[in-house]
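The structure appears below as structure tokens.
The first chain written gets the first letter, and so on, giving A, B, C, D and E; residue counts start at 1 in each chain.
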Amino acid sequence: MFRKSILPISVMIIILIIWEVSTRFFDIPTWVLPAPTVIIQEAISGWDNYQHHILSTVTLIVSGFAIGISVGLIIAIVLHILPKIREALYPLLIMSQNIPIIVLAPLLVIWFGFGVTPKLLIITLVCFFPIAVSTIDGLRHTNPELIHYMKMAGASKRQIFTKLELPYAVPQMFSGLKISATYSVMGAVISEWLGANQGIGVYMTLASSSFRTDRVFVAILFIMILCLIFFAIIIAAEKIILKWHPSKEDQ
Amino acid sequence: MFRKSILPISVMIIILIIWEVSTRFFDIPTWVLPAPTVIIQEAISGWDNYQHHILSTVTLIVSGFAIGISVGLIIAIVLHILPKIREALYPLLIMSQNIPIIVLAPLLVIWFGFGVTPKLLIITLVCFFPIAVSTIDGLRHTNPELIHYMKMAGASKRQIFTKLELPYAVPQMFSGLKISATYSVMGAVISEWLGANQGIGVYMTLASSSFRTDRVFVAILFIMILCLIFFAIIIAAEKIILKWHPSKEDQ
Amino acid sequence: GNEENTEEELEEVTLVLDWTPNTNHTGLYVAESKEYFEEEGLDVEIVMPGEAGADQTVASGQAEFGISYQEQVTEARTQDIPLVSIAAVIQHNTSGFAAPVEKEITSPADFAGKTYGGWGAPVESAVIDALMKQQDTSVEDVEIVNMGNTDFFTAVKRDVDFAWIYYGWTGIEAELRGTEIDMIYLTDYSEKLDYYTPVITTNETMTEENPETIKKFMAAVSRGYQDAIDNPSEAADILAEAVPDLDEELVHASQKWVSPKYQDDADRWGEQSTEVWSNYAEFMFENDLLERELDVEAAFTNEFLPE
Amino acid sequence: MSTLVLENITKRFGEQMILDKLDLQVNDGEFVSLLGPSGSGKSTIFHLIGGLYQADQGMIRLDNETINGKKGSISYMPQTPSLFPWRTVLENVILNVELYQKPDKQKALEMLERAGLKDYANAYPHELSGGMRQRVAFVRSLLSPQSFICLDEPFSSLDEFTRLEMQKWLLSIWEQERPSVLFVTHNIEEAIFLSDRILVLGSKPANVIKEFSIDFERPRNEKLTLSTAFLETKKEIYQTLRGVLDV
Amino acid sequence: MSTLVLENITKRFGEQMILDKLDLQVNDGEFVSLLGPSGSGKSTIFHLIGGLYQADQGMIRLDNETINGKKGSISYMPQTPSLFPWRTVLENVILNVELYQKPDKQKALEMLERAGLKDYANAYPHELSGGMRQRVAFVRSLLSPQSFICLDEPFSSLDEFTRLEMQKWLLSIWEQERPSVLFVTHNIEEAIFLSDRILVLGSKPANVIKEFSIDFERPRNEKLTLSTAFLETKKEIYQTLRGVLDV
């Protein structure tokens, strides 16, 4: 784990150095692109100002992501078990990804007000799709030889599902999870633009509208950090759950 | 194909009927939620006004999607072939998904102006990720027995890749493609908010700012139609390319 | 102008709007449609900024001109962003707090105990407080929620009681809909809040290196707004034709209301005064909305307005 | 306690006629072997009995109950081991029991020991050799609760001695519990050693060409394979099979 | 034109010692068979020769070139067919050639015909029976350009006659081109019929327990299997193997 992170961290550091040097060299004003040092400085000095924003967003992400993947998995499972329903609802699923949130916003507000519900809904909307699609595809591509075996053994649909298809789809499910996790953070930030009193998204729009580009980047910094943490958790879970996989061995 | 679409279409029709009836029954004003008939009426009567918007968006989607999936595939392939690079760049990939576009927007405009470049960049940014993640995961989960065979046969890394891993990853790649295709439409619409003179996104914001909710829904209607068309193309391609798959048979 | 200019000699400039086209921008579209720009030797592209906003784009030189607000320019300048206001589109602040009549908000004192829907900027509570102080109440009694991109009509359906709108657009829409609203204009309660919104901006590089271009541009724009003042109905037609996706009825009604406000009591259209700029900057500074004081003289100029 | 009857079974794959009006019967407690050329349709017969495929025509009856397309009525060992890669050997062998009741791990471990896989109970399938995987699949089928057993070349990847071990073990179980067994093999000696009856299948389309009753006394032991009667039978079956291939 | 030498090869999987100081040699143009109990390490030897695994100790030389960990020097038929599901039979058999040169489809089709798979050239692997898949894998290895051939139980799923056909075919090719062959089988008769030399492996850890020179005249034909000398050899090997298992 530790040795593995040396490489990406060095790449990051190189990028940061190039960034720093070029902002200084070309004398780029802070409001166009603040140098990394400026951002870090603001991140440290402003900590007291924005820490409650981060806390609020993290809560939102965690709950939204949990709901999102649950919904995604349930949808995937239901659609897989009931192919008729899949045929009927799959197009709707796709459509759901194409309702621009900006348009949905007023409706959500009318229906749910400015509380936490519409925000969770948006995160869910953003999260559930990748996991649902990946899981459905994963479930459908189960090794047919094993399916045949299970059928001959008299396994019920439910048993085939729980004992074979589900574990078989796990690698693909994790692809979806990774994508979902990545989007959940972004989804939370977007949802905060829908009307919130705190959160990274709020902090960012305020910073943006008062031309504090350095603060905008502090917000981005935290968004990224959050996202990487989430991603790392998913990858760790993948490692544990897929430990049987032979492909892991000779690498 | 035709028989299969009966079910989803009937579900759609039922939803539309419920929608129509409830807007009438509860007397919901058009500017809150226009009835489907109102939307269709506007879609027909306004056709001449907005058709150029659609054309412009479609061009944007097609080129953006093409670039996006190419980038996604290239990234996936490079990262797969060069695991060192994967370690170094994977976190950056994830980060790329968490740069809020709203924040990126001013920077992109400052760097690239109001032309087509920043828009394609945004679509690419939105599209490349699902396909890249799915493909990477797909490539990594190739049946180890077959990999062993290829290695023993003296296949070069490139041959193992082109003859085994790539075809093996195709089902998973298609999961990613579906997600990407879905997002490309939305990505195009969002990219138009970055400053454009035509496109569905422009049409929609204009409609929204002059409180023409019916037109907003016409825009959504077309976004969805476009999205479904794209999705259908991907699924058709999947059917053709995966025709060997035995799981297809007994269904 | 020199009408004989052939097309290839036209100087290309970009103008970035603040948001979607509306009747604040009519003069620009009139100038374009009637080829006033061409007559001045300019080829103007009008661009909607979307999420990007105009200010940074103009400041960085990606666009020559933009539409902004005094408040934004003030804030930008105190962050060393080289934005300069070169004309006030509307002489007096036409914005204010609106509420449906059934909410019974007719004066700032009625704000107390109600819910305000805004976009979360600190300036909002400062302004509300300034109004309420006049009637011995305080913003502390107001519940402020952030309603993000939600529009006025949607917001007041739910938890929100009043919001900040431009009467010339949202207020007129309310009239057209038959929604009765009470409007509390900022200007009715505080001199200091009579700031310019919107304004036309350019950047310092332009003012230093290309004053001629700015002059030509402003000459054309002035003519455009003059026409819009003189003939609101024709101007509205031009706007509606240039941007067919806008609601025509709203454009006409709004234009009728806005046209007299463009110049209003000023000597000429676009005139800005030091007093207005320093008043509002003071207000902002006093309320901790600025990190330092504004150099008022550098923030705006009337020198490019035609005589 | 199971009698299996296939009556007039026809099965096509696309254009190809694989089984044409096949009749076949396995009596209660009988051990029947199928011999036939590669690709003749032996596995297909199992798939039909197991309900995986539907016969185009004909009836399959188990104890007078029609089981066309009905799954789960037989205990089955497929030709390829079909182990679940994410389950350990122990988890794999109890898979089938799990479908019906709470598995008895102790019994499973004993069976694994018998199959020489004691040390591998917690290994994953990819850590096993080909023959070991086959034995895992065999143990799995023995643990299945159904009383009619179908084995598709269960010992093809085993060396002669491990194979003999397994055969003897199979016979001992069979003699104790007397399940009905339908057994596919390419090894004529194996068929004779184990069976009450041997059916020789023809090819394209497959049908029962000839039937051999194997009346050697039970319980049998390996000495039988050296007797002249045994060698005689072997020769006869060999000739029949050769005839099948020449047609 | 290839001589293979394994010297002092040791291989562990985790704790388990599979091969312990194994020595083995296949001379130029020689046909050598490996016999040994299931799970003794035969496939592992192939994986080492093929360069898939690294030996913990020892040298593997092909024509005096050290090929420890070097892949692609042998033509290999794995124990499981390992066909690519998205390739047709024809595309599968030319896979190996493709790695090195433009494949000769005509030749591949002829080979398929010889293997009795003419009608299946365009079928996908899942449409084949177990034995047919094995034959496809066999054809694929025969088409490989390398001159040293390693076959891991190539005929285990074939009926006696198809198996004999394949054996004779293999011999005819071998007699024409005289490649060096290392052959794993569990069938003692098969080993004797085909080989110049038979090595019997012990188990846990594996090593060559005994070596048999098979000096029957070539070209051989199936009558050989009925000769007393043949039966004598068979008995001897049988006893040796039994000894291995009893240890």
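Just so we're on the same page, contacts are C-beta pairs under 8 Å (C-beta built on N, C-alpha and C of every residue); 3 or more make two chains touch, one makes a residue touch a chain.
All figures in this text were calculated on a predicted structure; none of them were measured in a lab.
Looking at chain B and chain D, the chains that touch each of them are A, E.
Chain centres computed from CA atoms place C at the largest separation from chain E.
Of all chains, the one whose CA centroid is most distant from that of chain D is C. In this assembly, the C-alpha centroid of chain C lies 86 Å from the C-alpha centroid of chain D. Here the spacing of chain D and chain E, counted between their Cα centres, is 27 Å. Here the CA centre of chain B is 50 Å from the CA centre of chain E.
Shared interface positions of chain D, defined as residues touching 2 or more other chains, are 80, 126. Each of residues 56, 60, 151, 154, 157 in chain C touches at least two other chains.
Shared contact sites, meaning residues of chain A that touch two or more other chains, fall at 32, 102, 106, 110, 144, 193, 205, 245-246. Applying the touch definition to every pair of chains gives A-B, A-C, A-D, B-C, B-E, D-E. By the touch rule above, chain C contacts chain A in their complex via residues 55-56, 59-60, 72, 75-76, 79-81, 117, 119-122, 144-151, 154-155, 157-160.
On the side of chain B, the complex with chain A involves touching residues 4, 7-8, 10-12, 15, 32-33, 83-84, 87-92, 94-95, 97-100, 102-103, 106-107, 110, 129-130, 133-134, 137-138, 140-142, 144, 147, 171-172, 174-176, 178-179, 182-183, 185-186, 189-190, 204, 208, 216, 219-220, 223-224, 227-228, 231, 245-247, 251.
The touching residues of chain E, counted against chain D in their complex, run 13, 35-39, 41-44, 79-80, 116, 127-132, 135, 152-153, 156-163, 186-188, 238, 241-242, 245. Those residues of chain D that touch chain A in the complex are listed here as 46-47, 50-52, 71-74, 76, 78, 80, 82, 84-86, 95-96, 98-100, 124, 126, 144, 146.
Touching chain C in their complex are the following residues of chain B: 31-32, 49-50, 101-102, 105-106, 108-110, 113-114, 192-197, 201-203, 205-212, 215.
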